[in-house]
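By written order: A, B, C and D. Residues from 1 in each chain.
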Amino acid sequence: MLETLANRYTYILFALLVVVGLYMVVASSNLVKKIIGLNIFQTGLFLFFVTTAFVDGGRSPVIPKEADAGAAFASPLPQVLVLTAIVVGVALTAVALALVIRIYDAYGTLEEETLREVRTDE
Amino acid sequence: MSNNSNDTGTGKESAPGDWTTDSPMVSNPAESTYVESQIIMTTVRAVTPFSLTYGLFLMFHGADSPGGSFQGGAIIAATVLMIAFAFGVAPTREWLRNRTVVALAAGGTAAFALVGLVPMAFGDSFLAHPLFNEEFGIKTKWGLEAIEVGGVAPIVAGVLVGLFFVLAAGMFRDGDTTEPRTDGGAANHNRTDQPQTDDEGSPTASTGTEAQTDDTGMPAEDTTAGTGGDR
Amino acid sequence: MSEVVELALALLVVVPVLGATLPLALGLLRDQVGWAVAVAVLAVEAGLAARVAYDLAIEGSRVVHVLGGETFGRKSQELSSGESTEGFAVGIELVGDPLSGLVVALVAGVSLGVLAFARRSGPRGNAFYSGYLLLTGGLMGVALTGDLFNLFVFLEISGLTTYALVASGRSAPSAVAALKYLVLGTTGASMYLIGVGYIFVRTGALNMVDVSETLAGNVEFLDTEGALYGDPLVVAAFGFIAVGLATKAAIFPLHTWQPDAYAEAPDTVTVYISALASTAAAYALARVTWFVFTPAFFDAGAANRRVLEFLLVLAATSVVVGSALAAMQPRVKRMFAYSSVAQFGLIVIGIGVAVHPAAGEQATRFAVYGVGIHLVGHAVIKSGLFATAGALSAATGARRVGEYAGLARERPFLAGGMATLGFALVGVPPTVGFIGKWYVALGAVEAEHWPLVTVIFVSTVLSLLYMARVLEKLYFAGSPDATGEPAEEIAGSPGGAGGAVAADGGDTAESITGESADSDEPVTTDGGGSASLGMMALALTAAVLTVVLGFAGSELSAVLDPVVEAVVDAAPEVNP
Amino acid sequence: MTELFAVVLFVFVLVTALATATLRDVLGVVVVFAAYSLGMALFYAFLLAPDVAMTEAAIGAGVTTLLLLLTLAKTVRTTPDQWLERPNLPALAVFGALFVVLVATVVEFPAVGEPGVMWDNPGVTQYYIENAYEDTGVENAVTAVLAGYRGFDTFGEAVVVFSAGIASLIVLRQVVFTRE
C-alpha cells in the first residue's frame, strides 16, 4: 500500500493541494486569501494533468524533424490543456480581484465576517 | 477606505460604503505609494531592452522550442509593469496611451477570429490552416504563427497591461454631482428619466445624489483622471 | 465541408466574439455605440441561429463542423492486427443535433430580446455590451461543442462574463454576489475538469463521441477488456462532473450563489442570466450524462447506480428547498430566484430519470421530452417573470410582494403577463410550463420513482402558494400601500402597452418593437420612472410565448424524438 | 538524485501551500504564494513540461502575484492579531473526507511516469507524437496541438483573456479605455 502511494506521489500531492485550496476557500475569512485558495486548488489540478503526460526517462514534447524511433516523449495533449487552464485561471483571478477592490471600496473591509456584519446593518 | 484620498469638496463624511463622497475617481494608492528611486529607474532602464527582447524571442520562437506567444506576451506585459513600478503608473500610461492597449486587446481578438475565418470563405472549416498551403502555398506553420503572434500575444500583452492599469485606477465613481453630465458623443437617449433599477438596499446607492448620472457620460478629460489626478 | 449549416455552426460562436471587439474599438470614436452594435450583431446571430435551428430541430439532422479541417479532423489508424480503426478525432468538433438546435435558438432569441429591455433599463456603456456579446458567444460554444475540454473553456467564458455582468450595476451588494458566484462557479468548473481528467486518463480521448465509444468498449484501438463502465475512475469521473455542473446549475446544496446573483444583479442582467446561465450548465449535464456516459453506464454496477441516485436525491432536495425558500421571500426577485433553484432541480430529476436503470423506453422518452421542453420553457417563463418584475418596478418602484398591492388596476397588462407567467411557472395548462413539468412527472411515474413524483407534486403546491401570494396582492389587495406612487401615469402607459401587444401579436420580433419604442416613446420625467415599451414588449412577448409554446407541445416533443432515440440506443453515430 | 529532487519539490510545494492556508498576514501569504508558484513551475519542468513551467512562472508567479500585490496596495492591510489562522473544524472534517475519496481514486492511477492506458491507446496522443511535425511543420508538439489541432481551445482561451479585460472594466465601472 505504502509503495503504491509512493509511486503516485504527484497524484497524492494533487489530492493534498485540492483539499488545501478548497479548505482555504471555505475557511479563510479574508477575501484575497479565498482567491489564493482557488488558485492553489487549480494548480493542484494542473499538476494532475501534467503528471498524466509524464513518461519516465522520456523527453519533453519537442519532436525534432528526424525523431529516432525509440525515443519516448511526454504527451503534448495534457500540457496543452494545462496551458489553456492556467490562462483561464489568471483571467478569473483578475476579475475576482477587481471585485475585491470594489467590495473594499464599498464596505471598507476584506474580512468576510466584518462584511457580513456591515451588510446586515444595511 | 482610500486613506490617502484627496477628500475634496463634498464635505461629507467618508464612511465606508458611501460612494458619494470623494472625487469622481478614487485617488490612487498605487500611485501615492510610488517612490521615485534613481536606483530602481536605472536598473529598469538597463533590464528593459533585455526582457523585451526575451519576450519577443519567446513569441516568435515557440514553434521549435518551448515557449510561445503566451509566455512571450506575458513577459512583454511584465516588462511594461516593471516600467510602471519604476516610473509611476501615470507617466507609463501616458506614454502607452489607452488607444494602444485597446488596439492590442481588441485587435488581437479580431485578428485571431479573422485568420480563422479566411479558410471558411473558401468553404473550409474555421481555423483550417492547411488551406493556406493548398490555396496560396503558404506553409501551415505560418497559419499557426499568425494566430500565435498576431492573435494571442497582443491579447495577452494588451489585456495584462490593461488589467494592471484598471486595477491600479480602482473603482470608478460617477460622482458627487446631481447634474447629469452631457457630452457631445452621447447617443440620443434621454438620460434624465433613466430608471434607477439596478440598485437597492445598499446605503451607498440609495443616497440618491449620484443616481441619475450615466457612467459613460463622463467628459473625456475625467476619464484619465484616475491616474492623472496626481499629476 | 461547404454545407451552409456546417459553416454556420462555427459562425454562431465567432460572430458574437468578433462583434464584442467592436464596441471597444468604435468606443474610441464615439460613446454609447454598444447597444446599436449589439443589436446589429445579434440580429445576424439570430438569422444564423434560425437557419441552424431549422436544420437541426425541424429536419432532425446531425451536423458536424470539424474545426481546423481534414488535417486536424478524424483519423483512422492501421492496427497491429492489420485492420484499421473507425477513426478518432484529433481536433475539436462542433456538433449540432436537435437538442443543441433548441438551445441555440433559445440563446439567440433571448439575447436579442433582452436588448429591447436593456435599451432603457441599462446598464449602459460599451464594455457592458462587449461583455454581453462575449457571454452570448460563450453560451453558443457550450451549446455546440463536441469536446469535453472545450466545454470547460466555454463554460468559463460564459461564467467569467456572467460574473462581470452581475456586478455591472451600481449597487455594492451586487459585487459581493458576483464574487460569491465566481468562487462557487470556478469551484464547480474545476470539479468538472477533474472529472474530465479522470476520463482522459482512462480513455486518452476528449471528443464526446470517442469517449462514449471507448467507455462502451466499442473501439478496437483501445486495448481493454470490454466496457470501462465498472472502472472506479470512470465512476468517480461522473461524480465530479455531475457535482461540478450541478453547482453551475444551482442544485442544492451549492445553489447559494443563485438567489444572491439573481436578486442583486441589474434587472437586465437578471432577465438574461435567469434564462440562460443555469440553463447552459443543465444542458451540458444532460449532454454529458446522456451521450457520453449513456444509460448503459448507470446499469453497469451498484456504485454507478448509487452515484446517479445521489444526484437525484440532491435534485429532489433542491426542488423542495427551493420552493419552500421561495415561499418565504418578501422580495420578488429573490423569490423568483429561489424558484429557479427548484425548477433546475426538476430538470436534473428529468436528466437522471432518463438514464436510470429502472427507466424503460417510455420513461426515458417522457423524461427527455420533459428536460428539453422545460429547459426552453423555464427560460422563457423565468426571464419573462423577471422582465415583468423589472418593468413593474421601473414603472411603480415596487420590488416587494407587499408593494404589489392593487397594481393590477394601474398596470393591467403587466399584471396580466405576470399572472400568465405565474400560472406557467406553477404548471397550469395550456402553458409550456405545464408540458415540461408533466413530462418529467410522467417519466418519474413510468420509472416508478414514487418519491420523486411526490416531490414534484409538493413543489407544485408550494409554487402555487407563492405565486398565489403575488397574484392575490396584484389583483385583490387594496390600493397601493407603497409610498406615493405616481398615480398620474396610469392614463398614458398602459395604453402604450396595449399598442405593443397589438402590434406584437405574439411573434418574436422584440427587436423591432424595441427600436420603435425608442423613437416614439413619450418622455416622462416623474421620479418613479417608467417602464419603456421595450421592457413591456419583452415581458408580454414572454407571456404570449409561454402559451404559444404550450399549444406547440406536440411539435416540441416531435423535435426531441431523435434525441430520445439517441439516448435509448446509446449509440451516437460516428460521422465518416 | 532525481528522486531527492522530487522529494524536495514535494515538500517545498506542500509546505508553502500549507503556509498560505495557515498564515494570517495577507501580504505574507501573497509572498509565500509566489514562492509556491515557482515551486510548481519547477515541478512542471521536472515532469517534462517546459512550456507549462514557463507559463506558470510568468503567469502564476509573475502576473498573479503582481495583481495580488496591487490589490493589497489598493486596500488596507489589517495587522493581524495573531500569527496563524484558527482551524475551522467542520471544514477540516469535510475536506478530510474529500481527501480520503481522492486518495481512494488516486491508487487507481498508473504509477507516475509509467505510461498508462492512455499510452497503450494508439489514438490521439500517439498520433500527435508521430504526425505533429508532418501536419504542421512545427517541432514543438505543444505548439502544434495548441495552435493547430486544438486551435479552437486556444481561440476560447484568447476570448477568456479578452473577457477578463472587459470584465474588469465592467466591474470597476471604468470608461478609461473608451476615450483618450
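Quick notes on this one:
The rule is simple: a residue touches a chain if its C-beta (ideal position, glycine included) is under 8 Å from a C-beta of that chain, and two chains touch if they have at least 3 such contacts.
Please read these numbers as outputs of a predicted model, since none were measured by experiment.
Greatest Cα centroid separation from chain D: this falls to C. In this assembly, the C-alpha centroid of chain A lies 25 Å from the C-alpha centroid of chain B.
Centre-to-centre, using mean CA coordinates, chain B is 31 Å away from chain C. Residue positions of chain B touching 2 or more other chains: 1, 17, 19, 64-66, 70, 99, 102, 105-106, 109, 113, 116, 126-127, 129-130, 140, 156, 163, 166-167, 170-171, 201-202, 204, 215-216. With touch defined as above, residues shared between interfaces to two or more other chains in chain D number as follows: 50-51, 55, 59, 63, 67, 70-71, 74, 76, 109, 116, 118-119, 124-125, 128, 135, 139-140, 142, 144, 146, 148, 150-154, 156-157, 159-164, 167-169, 171-175, 177-180.
For chain A, residues touching at least two other chains, in rising order: 18, 22, 35, 52, 60, 62, 77, 81, 83-84, 87-88, 91-92, 94-95, 97-102, 104, 106-107, 122. If you draw each protein chain as a dot and join the dots that touch, every dot ends up joined to every other dot. Of all the residues in chain B, the ones that touch chain D in their complex are 1, 3, 29-30, 33, 58, 62-68, 70-71, 74-75, 77-78, 81, 97-99, 101-102, 105-106, 108-109, 112-113, 116, 126-127, 129-130, 139-141, 144-145, 147-148, 151-152, 155-156, 158-160, 162-174, 215-216, 218, 220, 223-224, 226. Interface residues of chain B, counted against chain A in their complex, comprise 1-2, 16-17, 19, 26, 64-66, 70, 156, 163, 166-167, 170-171, 201-204.
Here chain D touches chain A in the complex through residues 6, 10, 13-14, 17-18, 20-21, 26, 29-30, 33, 36-37, 40, 43-44, 47-52, 55-56, 59-60, 63-64, 67-68, 70-72, 74-76, 78, 85, 87-88, 91-92, 94-96, 98-99, 102-103, 106-107, 109, 111-116, 118-119, 124-125, 128-129, 132-133, 139-142, 144-146, 150, 153-154, 156-157, 160-161, 163-164, 167-168, 171-172, going by the rule given at the top. Residues of chain A that touch chain C in their complex: 18, 22, 25, 31, 34-35, 38, 41-42, 45, 48-49, 52, 77-78, 81, 84-85, 88, 91-92, 95-96, 99-100, 102-103, 106-107, 115, 119, 122.
Across the complex, chain B is touched by residues 50-51, 54-55, 58-59, 62-63, 66-67, 70-71, 73-74, 76, 135-140, 142-144, 146-148, 151-152, 154-155, 157-159, 161-162, 164-165, 168-169, 172-180 of chain D.
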